[in-house]
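Sending over a structure as structure tokens; questions will come in a sec.
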Amino acid sequence: MTDSIYVPEMARLVDVRQMTTAEKLFTIELPGGRNLGHDPGQFVMVSMLGVGEAPISITSSPSRSNGVFELCVRKVGDVTNAMHALQPGAKLGIRGPFGHGFPIEKMRGKDVLFAPGGLGLAPLRSLINQVLDERGTFGRVIILYGARRPEELLFKDELDQWVARDDVECRVTVDRGDEMWDGHVGVITTLFPKVTINPRNTVAVTCGPPIMYRFVLMELLGKGIPETQIYLSLERRMKCGVGKCGHCQINSMYCCQEGPVFTYAQIKGVEEAL
Amino acid sequence: MTTVKIDVHHLTRVEGHGDIVIDVQNGEIKTCRFEVVEAPRFFEAFVRGRSYLELSHITSRICGICSVGHATASLRATENALGVEPSEQTVLLRKLNFHGELIDSHVLHTYYLVAPDFLGVGSVIPLIETHREVVERALRIKKLSGDLCAMIGGRHTHPVALTVGGFTHFPTEQELRDMQQRLIDARADMDVTVALFATLPWPEFERETEYVSLHKDDEYAFIDGTIVTSDGFSYPISEYRKVTNEWCVPFSTAKWTKHNRDAYMVGAMARMNNNFDQLHPRAKEAAAKLGLKPLMTNSYLNSAAQVVEMVHCIEDGIEICDRLLTRGIQPEKPVEPATLSGEGAGSCDVPRGILFHNYVYEDGICVRANCIIPTNQNWANVNADMQALLPQIIDKPQDEIRLAMEMLVRAYDPCISCSTHLLNVTFV
Amino acid sequence: MSKPKVAFFDFASCEGCQLTVVDALQTHLDLLDAVEIVQFREAMTEKGEDYAVAFIEGSCTRPSDEARLFKIREQAAVVVALGACAHLGGVNALKNLHPLEDVRQWVYGDKAEWYETYEARPIDAVIQVDAVIPGCPIDREEFVRVVKALLLGKKPPVPDYPLCVECKLKENVCLFHLGKFCLGPVTRAGCGAICPTHGDGCEGCRGLIPHPNENAMKDVLAEAGLTVEEAVARFTMFNTYQVKDRMVEEEAK
Amino acid sequence: MSLWILDKGAIAPFVEGLMAEYRVVGPKAKGPQFAFGDITDPAQLRLDYNITILPPKKVLQPQYERLATFTLGEDPQVEPTIEAGPTVLFGVHTCDLHAIRLLDKAFSEEYPDAHYLKRREQTIIVGLECLEPCDEHSFCKSMGTLTTDEGYDLHLTDLGPAYAVDVATEKGKTLLSQYGTVREATDADIRRLNEVLGAKWPRFTYRLDFDAAELPALLSTAYDHPLWAELGERCLACGSCTNVCPTCYCFNVTDEVNMHLTAGERLRRWDSCQLDEFASVAGGENFREARKARQRHRFFRKGKYIYEKFGELGCVGCGRCIRACVANINIVDGFNAIHGTA
């Protein structure tokens, strides 16, 4: 163990799975198979030594840890490129878990509506799977997932399972289909009219690109869900993950500490938030 | 009957682009010349309209190898135009900086560019394996001279702190003391260098020509002084045109010059031919070891003369450090111009030979400029040498001819990039 | 991992940047372990044509340069512009401020037509450039950093922030406090603020930062005592190619 | 703890003594200005300085700092590097003492920063009472930082021929008894000290038109104030204002490797919220793209956000940002303008 909060622990890459052309799923084991001990919605700082560090949400559910955790990573820049070049058995640095995840306790007994867009499914998946593993303690579970194209859909096996389950209302859409696609076509907001909800008793959870938030929020608010019951996970540049470096500040809030999960009530009207 | 066709496209291990073209048909020399194909850059045209404070910074970009020389000549031209008399400290610091560049340029030329020819390789890189101590010594001397330049000018290439009337930054006395010690320590490296170059089999070739350089009675001249030639002429710097007489040739983007004869030579060998007496005693010892004394007429020996000059600059550098330390470094403000209009010429004998800058200012803005670069002044002589050499070696294998010619051109240490932006302005 | 083959090329320039590369060897001889130099006319005779990385020094100043550039682009997987001439046009582009014919005649007189030339331009005006190492000349350490980044497959670590950052971190006395002028607030950092550190204002050799506040910079220069022409002249020393169009537009206004 | 008298003539031997055991950092001349630097000769110490270009923060959070070293390859290893050594920070003005207290909080809350804290622990601070404003830009009186009774180990007040030395900690006491030639203050000395301290107040002026305690509330109403657009027009986004600020502590982290790509180090460098890319993320989104938003963020951090986090204002009134800004953006004028139109 180190005494510096900035120094990662070297973890082992157990498995890598190509999910789409841009995203891979990484299964990682901490030294000695130690449990990461995270909440859904929290993130880790991943170090590719020599290249840099990047915040990545933990996509696996705490309820399924088995001594490993999963990250779903899109290849966009230095750190993520380097991660995509890794083979199982390789070492990578991990710090965390950091931040405030989804307050699952507050959701128990309620209906939960998940509205992830694209890569936004990665952080939400940890919560979805925990909710499903503790299915009895929640009301309805509704998942409305949108991606740009069929080949960009993440976690297809799990999506199929969710769609097949009787106790989950899962709908998937793509902005543009192809000849193989026989599902719904249209942006994610076109799924909303298809579900009716009891707004007072519903918690909504969403994550996606900034542009998506605006439209999804309109739908959720339009359905009457209270601002304090809408949760979002936000992305910011982060250089420390522990509330020092300043990059992730949204007005007075440090996204890495107070977030990355915020209620809409917390960020409403904050110009810099979305 | 011999037929030789050589076209060395873009001669390597020189600064800038030039081609050697030789065409001999049935023993008759059709063509034998060096063509400069470097892209012209037009400095004299575009410095018009610029402030007198910018001129040395812009013209230092004529050449990355002798940027301190260009900057210094440029400053002297501006200062002469605008009535600025630099202080003694300024003169000393400039000289020290200049020595740094001269050592740097000469070590680059002798060790990196010339030595591979004698050791039978294409560059300095294979020598890292075969002659590691030689390469490391070269790197050491080079680092020393680069650091010396950076200590005064702020960086090795394109000095920052040199300005009209003085400096914008000064080395500390501690830095000077440390530098002086390093110069003293470098004597050992120079002894080995002299010994190494004394063993090299310089090609035999004699062709006497006119040798042109600066001259001062009391020191080995690099900055200011008078223009002298081995044919007995002498001019003040302001009359430099009487020496240079430029003309254009169609196969060269660089201009040619001539004085008393069809061609003349500038550079280390020319300086040593004209100013041997003013060399530091240790440099004279080095010259003796290398078998050099005036009048040298084998152009290949220019590289050996550079080794002698390196010794001189290290010794003189040590003495300049002494003088500066005795006086103490004063953070002097640059001397202000007495006027903002006027004409002036400045000259330095830079690593490759005598260099002239000449400006006319109106209200602090440059309206005319002329720069005459040493390498240009050598072109006619390079070609005369090539034509004199060719008949002597014409029966040798083509590869040997090519190598002899390449080495000959390289001996002049031509700086082709600097030489391509010349102009004929008639000053009225 | 096999060593990447690199080659150096030069166009209109002073060769100071290539010289700086040679200088970099003084402190980083291990560069030669990491890459294989197959072409470097200034320093070696061998000419390998199978390079993967091309470092190009100098501006493109004549139509015949373009063919050479296309050829390099075709061969090299990575093209790096080395120094201000290649990156910006640099001092070569100062000639673009004068009519081309005038420039040619001024220098070569009635022999002007012997010598081919056109407006000086940065390399990326002719071919796609993958990375730049700015500066006049380039910074030795930055060159080494960029080489290492290329080896790692990382974005070259050339800063996008202004020079003032480095200058302040070095705790220099600001030149504006000394009654001098400086382009530091709009110029890309990475040189260690070498000019302000040595008492001279930044001349912009590393190019402008991505979103420079040029108007505010002109106001600052004006307040410090420069006329409009003088302020503009400061921008043009290395950035003529970048600011010329805007100058023409403004003059028209 | 107690009050002692140190003759001015005894400063040089005191510092000389410290130099043997500690790295001594104090104000030195830098051209016409001042900068904290390593004292290698007591004559370099300029206790008559007005203000330094950078704050003494740089001793505790250096501009460039190595956080860790690592090796690469099959089994990569990473080791933290904590670079700290016994240091005396000599001659710190009161505004900067306040700022250091704030940094102490920022680096110890929630996730303690061992790099900062180790250096902090090894640093003994000798404060220096300000008796007149550094220059026309100082507004410490408005910010309530023109004096302090904490945040130092020893504190000097210039009494003319001698300094009164306030000993605040055990460390300070040991330091003084080991290296200083002092005598205990007499009643007359204490009277003189009170005189000097009393006389200093009128020399400072209030520069804010209102009580600084109102700043957080004032700013809550000013998010959409027209001032931000005006500042955005003028701001060069050069980052100088935050880089010279004694309470700014944002940073960037980068990795460097050796030529063989076998080992390297992780470095941190001061960063600035005023820089273009500070809040940009992958995908090209920049959450504070406009210069006006960045200026607002700075003003809000100084006057509101830091207060909300630590219970103290994020500005200590040193005026460095005003001096450093070549575009003449003035935080005092800014706050006053908001107050005037609120």
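Labels for the chains are A, B, C and D, by order of writing; each one numbers its residues from 1.
In the analysis below, a contact is a pair of C-beta atoms (placed from the backbone, for glycine too) under 8 Å apart; a residue touches a chain by one contact, two chains touch by 3 or more.
Bear in mind the structure is a predicted one, so any value in this text is a computation, not a measurement.
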item	value
Centroid-based (C-alpha) most distant chain relative to chain B	A
Geometric centre: closest chain by C-alpha means	C
Higher-contact pair (C-beta pairs counted), A-D versus A-C	A-D
Whole-Å separation of chain centres (CA-atom averages), chain A against chain D	39
Where chain A and chain B are represented by their mean Cα positions, the distance between them in whole Å	66
Averaged-CA centre spacing for the pair chain C and chain A, given as whole angstrom	43
Distance between chain centroids, defined by C-alpha means - chain C, chain D (Å)	37
Where chain A touches two or more other chains, by residue	50-52, 77
In chain D, residues with contacts to at least two other chains	254, 257, 261
Arrangement of touching chains [line / ring / star / complete / other]	other
All pairs of touching chains, each written as two labels joined by a dash	A-C, A-D, B-C, C-D
Touching residues on chain D, where the partner in the complex is chain A	67-68, 70, 72, 74-80, 82, 106-107, 109-115, 223, 249-255, 257, 261, 264, 266, 268, 271, 273, 278-283, 285, 287-288, 293, 297, 300, 304-305, 308-309
Contact footprint of chain D on chain C as seen in their complex	28, 30-31, 33-34, 144-145, 147-148, 151-152, 157, 160-162, 164-165, 168-169, 171-174, 176-178, 184-186, 209-213, 215-217, 219-220, 223
Chain B residues within the chain C interface of the complex	10, 12-17, 38-51, 54, 57-58, 61-65, 67, 108, 112-113, 116, 122-125, 128, 139, 142-143, 146, 153-158, 160-161, 163, 167-169, 248, 250, 253, 417-418, 421-425
Parts of chain C lying in touch with chain A, wherever the complex brings them together	152-155
Sites on chain C touched by chain B in the complex	10-20, 22-23, 25-27, 29, 32, 37, 40-47, 58, 61-62, 65, 90-92, 94-95, 97-98, 102-104, 106-109, 111, 114-115, 117, 136-137, 194-195, 197-200, 203, 230, 233, 237
